[in-house]
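Naming follows writing order (A, B and C), and every chain is counted from residue 1.
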Amino acid sequence: MKKKITPVKLLINIVKWAFLLAIMAFTVYPVIYAALGSVKSNFELTLGGGGVLPDKWMFSNYVTAFKANNFGRYTINSLILSAMVTALALITASMAGYVFARREFPGKRIILMTYTSMMFISLGSVTLFPLYSLLKAIGLTKNLFGMALIMTGGQIASVFLIMGFVRSIPRELDEAAYIDGCSLFKVYYMIILPTIRPILAVVLLFSFRMSWNDYITPLVMSIGTENLRTLTVAVVELKYSMQAAAEWHIMLAGASIALIPILIVYLFTHKQFIAGLTAGAVKG
Amino acid sequence: MRKKKRSTRGLVQTYAMLAPNLLLFLATSVYPILWALRYMFVEYDGINPAKFVGLDNFVRIFTRDDVYWQAVRNTLVFASGKIIIVIPLAFIVAILINKPKRLYGFVQAVIFSPTIMSAAVMALVFYLLFNVYNGEINRMLMAIGLTKIPINWLGFDMAMVTVIIISVWGSIGNYMVYFLAGLQQIPLEMYESADIDGASTRQKLFRITLPLLGPVLKIILMLSIIFAFMDMQSIMVLTQGGPFQATNVMYLYVYQLYYSSSSAGGGSFRPQYGYGAAVSVVSACIVGAVTVIYLFLSRKLDKLSD
Amino acid sequence: MKKVLTTITVLLLLLLTACGGGSTPSGTDSPSTTAAGSESASTGSSGEPVTVVMWSSGRHDYEIYAKPLIDKWNAEHSDIKIDYQIYTENFLQTVEIAAQNNELPDIIMALPQTMVTMLLERGEVASMEPYLTDEERANIDPSMLIEGLNLMNGEIFTHGGGSFAMRLVVNNDILEECGLSGPPKTVDQLIEYAKIVHEKKGSEGVYGFALPMNNPTDALQRGFTSIVTLDGATALNGYDFKQGKYDFSCYKPIMEKLRELWASGAVFPGCESLSIDPLRTQFAAGKIAMYTTYNHSEWGVYTAQFPTDVHWSYEMLPTMDGVIEGSQNMGGGVGWMMLNASKDKDATYKVIQYFGALENRVKFYELGLGMTTDKQVLENAAVPESIGYTPFMAFQPTDKMWPLTPLSMTLEGDEYGQEFAKYIYGFTDDLDSIVTICNDRYNAAYDKSIAEGRDIRRQYPNFNAADPAGTSK
């Protein structure tokens, strides 16, 4: 049964696509502006106006960002930090999620209740102050590992996601191995981990996104240790740039450097990103 | 005997596997709250020894601190403005692209893309776009004749509108996907049988989609309320709460009490760790209260519609 | 069980070694994730060089002055290395947090004053008395020594460096094109000029005046506070030395003028959210005719970092009646302080001496990075190109050292700039009640810090704005 295209339908379609295209333009425009602006000269940017494309393609902005503004180090910092947070999140949340899903133990109820309630309580940046003192007490303020521990945190949402996923796996699969005398960790490692890969991909993407993009935690945690700054912190710092006059071209080059890795990751994995959010929404 | 031994062993293993996550949770979520609950009764500037002041911090919040209550009002305006715009927009987009088509997948990927970017970094870009003296937004609006004089997007009257627009930009993708998730839970058969009954598109929307989406919508709204109350990174970079506290929100104010020097020259800034803790606790209570009111109302509505 | 623990330990160790890895003596250039950076000077056991860590809040002199200096030192010295770190916007918080966690550097720039006061209060500052050479001592001008600014309990803790005062920055091209000759002498004239510029060149997007009102208190301190004291007020930033308490009433006339200026439409649009950096870029692009600011940054900005064709100059600030009855506070002695956190004070002082060496002070001055009252420098330096270009960049007799205002108080509510901005923007017409609010707020905070023994009442009954140092002893 082929539908006929009536004028009304055509009009609806036009309105629909006009709306979708407008929303799409709204979402990508700032990114395109940043990308093209990053190869414009500062003069062209501060003067404003001009064409969409640069008058002169200034790829040297990136060279300046890396050389004069130490972006090489900040990029490496961001990469190491994100890798550590992601690894910590995957390991700790998957073990906890598995245990919550499969084991009964004293204190489970109260622990789960605390986890749930903490999802809704936020004290904002206040928490960073005692956490910094805590890191200081165990001597971890001078490296990225301490920062990674703080940013990993309780991973409450990830724990619940993994818990839900493990529950959907038939019990027989891992129970048998455990009764056969395998240790709990071996069951987790040999049977559970390979099975829950899809949800681990989601946790990976979300913890990477969070750690790559977060601004306030690394800002506060790198106060006093300039060489722990991450890319986000360094880019925003350009607003108060070393030279007293704002250098918009370097700022946009920095912004682009900060956006590119995550955009590449997204390009290959946007289906998982969306699947992850979907899973989160369903579970609440 | 053997069984008992086995279960102890199991218990130890259980706790051992839970420990890394639990420890991080206790350290990063629970400990700071206990810390704040203690420090909210204290006056502490990081230099002089902490001094117990009883309820004075709360007396100050409720009687002397106009800036905070302005921030609370701003937070309410910001959150409701954001939710009122982003939820319908995201819902419409989701309805329009809720079919497994390649082209729709592309639309979805594009609209979702802002959510993977750093709000703080993008706030810099938005500054260049929105500033009144040479921002591209004004240039475009003037080119197509929507306005004759440049709009002062970051000025006192418009700054709140601007930060709402930016937060809508950053979150529309999230809510679109939430709605898509909800829509996909509606069984296709319902639409098929409606088609057989000859239902129109509009009838399908109001008779099937909206009622069945109810539970998901409730969750989405709750999430959006909580997130909107805590959203502050882009405001912090773009306006620092100004001009004139016009865009200062609760959690940004807390940040400022802790880490922000307002005046570089001869100001008299001192961090107020004790007072800031009290403010954050009150703010958390406000968010909690709003959530509870929302849950109560949505339950009432459920009962009414039953 | 054992396996679990071993695995966790191994994983943790892997992570730790991935990000650990000893200290990096080579300074800021190696992309190491371990911060050797803010460890204060310490000698390694195996003859490793001492690293002296310096923190600076200054950004305008780095590329052309500080960096070459440090590179030279690090190339010539194998025993002492300098690690120079710049913190811009968050300097105060950085130092606060570092102080609370015992992570202070060896040397720190003595600016802003709030930070200096905080460090003094905490007892983090080291006296320089044991290290001063006779030559250095001879060059210190006693009239520049002020308790809290460079003296603690009578002992010198910082010396040398440039200083700065406030000036009006003028785009002479615009004024000329509008047929205006010479800089405005009175505030009324300034408003007049701004209006004329806007009338004649408003269509080209050129405005008469700009203020970085993103931070209103800072904006007012970049000039209008000085206009008040040049007119003879005995209050600096609202603190009246004669009365020994805060009294903002002296701001009333200038606020009325600012409101008039604001309402005229001649002020650059978006000033409410403008900070000084974008303001400068717009000035360099020829869009702003006048603004007020410190006299030490602009030369560096408009020559090296942000070259402009605009013919600009520093001019004296206008006053209400065109006559200067008082003086303006000179931001003093942007020198270096040595902190007690330094483990090797001899090495640390050598670095301070290096920065304070006549040759380098002369270079700083000749590069146009600050004004100076230093006789040795003035005798030995050529007139800097900057002062040749704009003479009022140099020290003027009306730039004087004022005593310190109270700095260790905790304010409950907005600063005075925010309050006065309400009047300037026309949100309220009640200037008197703003003055009352500010007086009450500041005096309450000040009284409290006195009651708690953190401050003393700074009252000088004979205080005279024309001779602040002489009348505040």
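Throughout what follows, contacts are C-beta pairs under 8 Å (C-beta built on N, C-alpha and C of every residue); 3 or more make two chains touch, one makes a residue touch a chain.
Please read these numbers as outputs of a predicted model, since none were measured by experiment.
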Touching both chain A and chain C (chains): B
Which two chains share the largest set of C-beta contact pairs: A-B
Inter-centroid spacing, chain C versus chain B (mean Cα positions, whole Å): 37
Distance from the mean Cα position of chain B to that of chain A, given in whole angstrom: 16
Chain A: positions in contact with at least two other chains: 46-47, 88, 91, 183-185, 223, 239, 248
Sequence positions of chain B contacting 2 or more other chains: 13, 16-17, 20, 133-134, 259
Multi-chain contact sites of chain C, meaning residues that touch two or more partners: 1, 4, 90, 93, 97, 100, 278, 282
Chain A residues within the chain C interface of the complex: 42, 46-47, 70, 72-73, 76-77, 80, 84, 87-88, 91, 132-133, 136, 141-145, 148, 183-186, 219, 223-228, 237, 239-248
Residues on chain B engaged by chain C in the complex (per definition of touch): 9, 12-13, 16-17, 20, 45-48, 60, 64-67, 131-134, 150, 152, 154-156, 159, 239-240, 242-245, 259-272
Chain B partner contacts - residues on chain A that touch it in the complex: 16, 19-20, 23-24, 26-28, 30-31, 33-34, 37, 45-49, 88, 91-93, 95-96, 98-100, 103, 105, 111, 114-115, 118, 120-131, 134, 149-150, 152-156, 159, 183-185, 188, 209, 212-216, 220, 223, 232, 235-236, 238-239, 248, 251-252, 254-255, 258-259, 262-263, 265-266, 270, 273-274, 277-278, 281-282, 284
For the chain C and chain A complex, residues of the former touching the latter: 1, 3-4, 7, 11, 15-16, 18-20, 28, 31-35, 37-39, 59-60, 62-63, 85-90, 93-94, 97-98, 100-101, 103, 276-278, 280-282, 284-285, 297, 300-301, 304-306
Chain C to chain B touching residues, read off their complex: 1, 4-5, 8, 90-93, 96-97, 99-100, 112-114, 118, 121-122, 205, 213-215, 217-218, 221-222, 236-237, 268-270, 272-273, 278, 282, 287, 331, 405-415, 417-418, 421-422, 425, 442, 445, 452, 454
